[in-house]
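Look for chain A in each of the two complexes below; its partner is chain B in the first and chain C in the second.
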Partner chain A sequence: MKKFKILSIILGGLFLFTSMSYKTDEGDKLIGVWEPSNKKAKIKIDKISGKYYGKIVWLREPIDPVTKKPKTDKNNPDESLKNVPLKGFRMLKDFVYKGDGEWADGTIYDPQNGSTYNCVIKLRDDNTLDIRGYIGLKTFGRTDVWKRLVMKKKK
Partner chain B sequence: MNLKALMFSLFLLPLVTVAQEEEEEDYSMYDDLEYADESSTTFVSPKIIGLSPNRFINVAWDVQSPYTMNASEINDYAPDASWTTNESSNVSYTGGLRLNANIPVVSRNNIVWQMGANYMNTNFSIDEADPSNDPILSELNRHSLSTGGLFTTVFKPINDKQFLIFQGQADYNGNYTFSDFHSLGLTKYSAAVLWGKSPHDRLQWAIGASRTYRVGELNYVPIVMYNWTSKREKWGTEILFPARAHGKYWVNKSSLIMFGYELEGGSYHLSGLSNNGNSFELRRGEVRPRIEWNRKLVGFFWLNAQLGARINYGFAYDELENGKEFFRGFVGDDEIKAFSSLGTSLYGLVGISFVSL
Partner chain C sequence: MINYFLKTQVLALSVFVLWGCGEPEPIKTDVQKLETIARGPLFEGVNTATVEFDIQKILPNEVKKEQLSEVRIKSIQLALADSAAPVPNSFTVLLASPNTSMKECGFIQEESIKSNDYNVSLAKEQEFLEEILQDKMQTLVIDFDLKEDWFDDYTVTAVIDWELKFKN
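Showing the complex of A and B:
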């Protein structure tokens, strides 16, 4: 009887999960590899525990011209993080899908100056994002266009 | 499959898989990707690495040490005429409030358009300013000089290296008060246009031309911009010649020292000396060699402190017939109504800004 109850809970949960999958699928359009308009990096966005996170997976110039070593997050205001490699660094954090092609409540980190900004992401089309980083109010911000990247098709 | 195994496969296995991916990800797989549809266009950024903080909102107080101010009699003088002192006094206090707001209207990678407003006030406390004997000094002593301005800046990238900058400004200058405004017809218009290049992330330069009141009277001058940051992102320059030129040194990411100069000035309507519909205008221009310290306070709020000298460049008076502006340039012979000279003084400025880096 006890086993039956637990199984019912699991199956109920699965049913709930399935019924929510439409909204989840919409939000999951953010998942993938994206390139900012300056083409200096590639950012891979994943979903972890219901929120979306993006990390740097590729750098056009991976080597620091001064140290001649792989670039680290040298501008991070936290001393303990200055030696963390930029490749793999999570620069997009905590995005929640709000519906209508918009993810909000997250932050974007700019490794060039060590600043973290509020951020909202809008899906312009399936392969284009408008990413706006801002300070407090959306007025004080800047929008960049990111394009989706995919694995090369085999010919 | 027993119940524990079922729960593990449903809930825990995905988490373990994510954790393994985090640790074992092979980044080389991202070397060779292609666009899902098409590439975005790359546009040059309005900023370079290591540029001083861009001030959205700034509140500051400016103050000068005492100095002597002399003025000639009001008359008609050739621009190069010699003159004798008719009024003279110690100026015990010169200073005032400065407010500046610079708000992005459109800020995208293909265009940045900002609108702004500024207000600047200069109070003079002149020790000996008798209205019957010292008409010029007493007029300056009567009301402070104010500047209220609106400006707009457009940064338009042409491609990934080249850009254009347009700037326009309308300034309402004079010794007006909020209950006694002058004619809006006395508004002064300035503009600048620049074309430039940013060869890499740490350098941008541009050339252009401007219509300006920087040294008091209307002028048309070429401009050169040269913003550069060293490889180590410590040293650099921020130059918009002739308006200002600074060297800079980033002590750390929260502290920036700049050293150089700025030209500051404008043309101010003086109501008490303006008669018959004419505008009696002070053409004020000064050079401010200085050292400047920018320090992060908290978040995006920064302190700005300047210490330097205020060196007089021009402090002469013109009478604009019916308020109509004219262009004398460096060689024109339009008459000057009065001359003044100011002793050099020390100055200090302290401000707080809401910035973007």
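Showing the complex of A and C:
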């Protein structure tokens, strides 16, 4: 009887560990380089201290046509941060994996108007994301489709 | 009888108000030196170095981080640990914690790096720091834009001069 109890505890622990690591691996499907539908930028999503963040790693037009210098976050509501380089800017912040291919509790920043929106990310398939930015209720928002950048296989 | 209750309530309210209005006291601390690491190999473009820390470790024993109030960063100076490592185009410094949102603390532009000035231009609004430092742990994040590939680890040292106050 005692042996059976010990075996149950070990098996239970093993099951818990396996399911936890499975959930973590599932969440990591978000990691990679993604392209929004307007194709103006590429965003790399990585994981820092358990949460997911996305930074701009490529811009179609990296140089500001007025200043002739690399673009900066000129619409930032904080005056002192208007010269932060746009390349590298973290526009997705604080996403937590909720299971079932969904990441929530995060925000998305739009450098074109300097506004930050609540955001939920849904994995449509391994290489497609539905990014929904909203204010208040999810109903009042807009969804953009992002595609993962994948290396084309050589023939 | 009513008069007695009224007097007691006024007295209790006064004590509460006086207690709440206590001025935060400054904490004397040394500058904090943190080594952020990006594991190589790294490729040209934007990369990230991070380090987790607990602000409690630089506080005097009698002060708990939950008592922190009116927190500011006076300065942050960055340095590359390996002199052979490529100098990036720019740096952005951010802070995060498990229960708060990641925030930009400041940045260094290409012009400053070219003139060997590694002092971070700090964000004017720093109200978010109090909440981050009171959390169970903190993460310092440094994004840097490399001009060329680097096949080793990349270490950026940050020396942070905090202005910390606490409430009893």
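We take it that the second predicted complex is superposed on the first by the 131 of 155 C-alpha atoms of A that agree within 3 Å, B and C clash if a C-alpha of one lies under 4 Å from a C-alpha of the other, contacts with A are read in each partner's own complex, and residues count from 1 in each chain.
The rule we apply is simple: a contact is a pair of C-beta atoms (placed from the backbone, for glycine too) under 8 Å apart; a residue touches a chain by one contact, two chains touch by 3 or more.
Worth saying up front: this structure is predicted, and the values here are computed from it rather than measured.
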- request: Could you say whether A:I63 touches chain B, chain C, both of them, or neither, answering first, second, both or neither?
  value: neither
Practice item. Tell me which partner A:K87 touches in the superposition: chain B (first), chain C (second), both or neither. Key: both
* To do: Go through the superposed model and pick first if A:K44 touches only chain B, second if only chain C, both, or neither.
  => both
Per residue count on chain A, the busier partner among chain B and chain C is B
Just to be sure I read the superposition right, which of the two partners does A:I31 touch: chain B = first, chain C = second, or both, or neither? neither
For A:Y53 in the superposed arrangement: first (chain B), second (chain C), both or neither? second
**OP:** Applying the touch criterion given at the start, work out whether A:T107 contacts chain B, chain C, both or neither, answering first, second, both or neither.
**Re:** second
Report task. For A:E79, decide between first (touching chain B), second (touching chain C), both and neither. Result -> second
Residue overlap on chain A between the chain B interface and the chain C interface 44, 46, 48, 57-58, 87-88
Chain A contacts chain C in the complex at 44, 46, 48-51, 53, 55-58, 70, 78-81, 83-85, 87-90, 93-94, 107
Chain B contacts chain A in the complex at 3, 6-7, 10, 18, 25, 27, 29-43, 45, 49, 56, 103-104, 107-109, 112, 201, 231-232, 253-254, 300, 354, 356-357
The chain C residues in contact with chain A across the complex are 45-46, 48, 50, 52, 89-90, 92, 94, 96, 98, 101-102, 104, 107, 109-110, 121-125, 137, 139, 141, 143-145
Within their complex, chain A touches chain B through residues 3, 6-7, 10, 14, 33, 35, 37-39, 42, 44, 46, 48, 57-58, 65-66, 75, 77, 87-88, 110, 112-115, 126-128, 135-136, 139-153
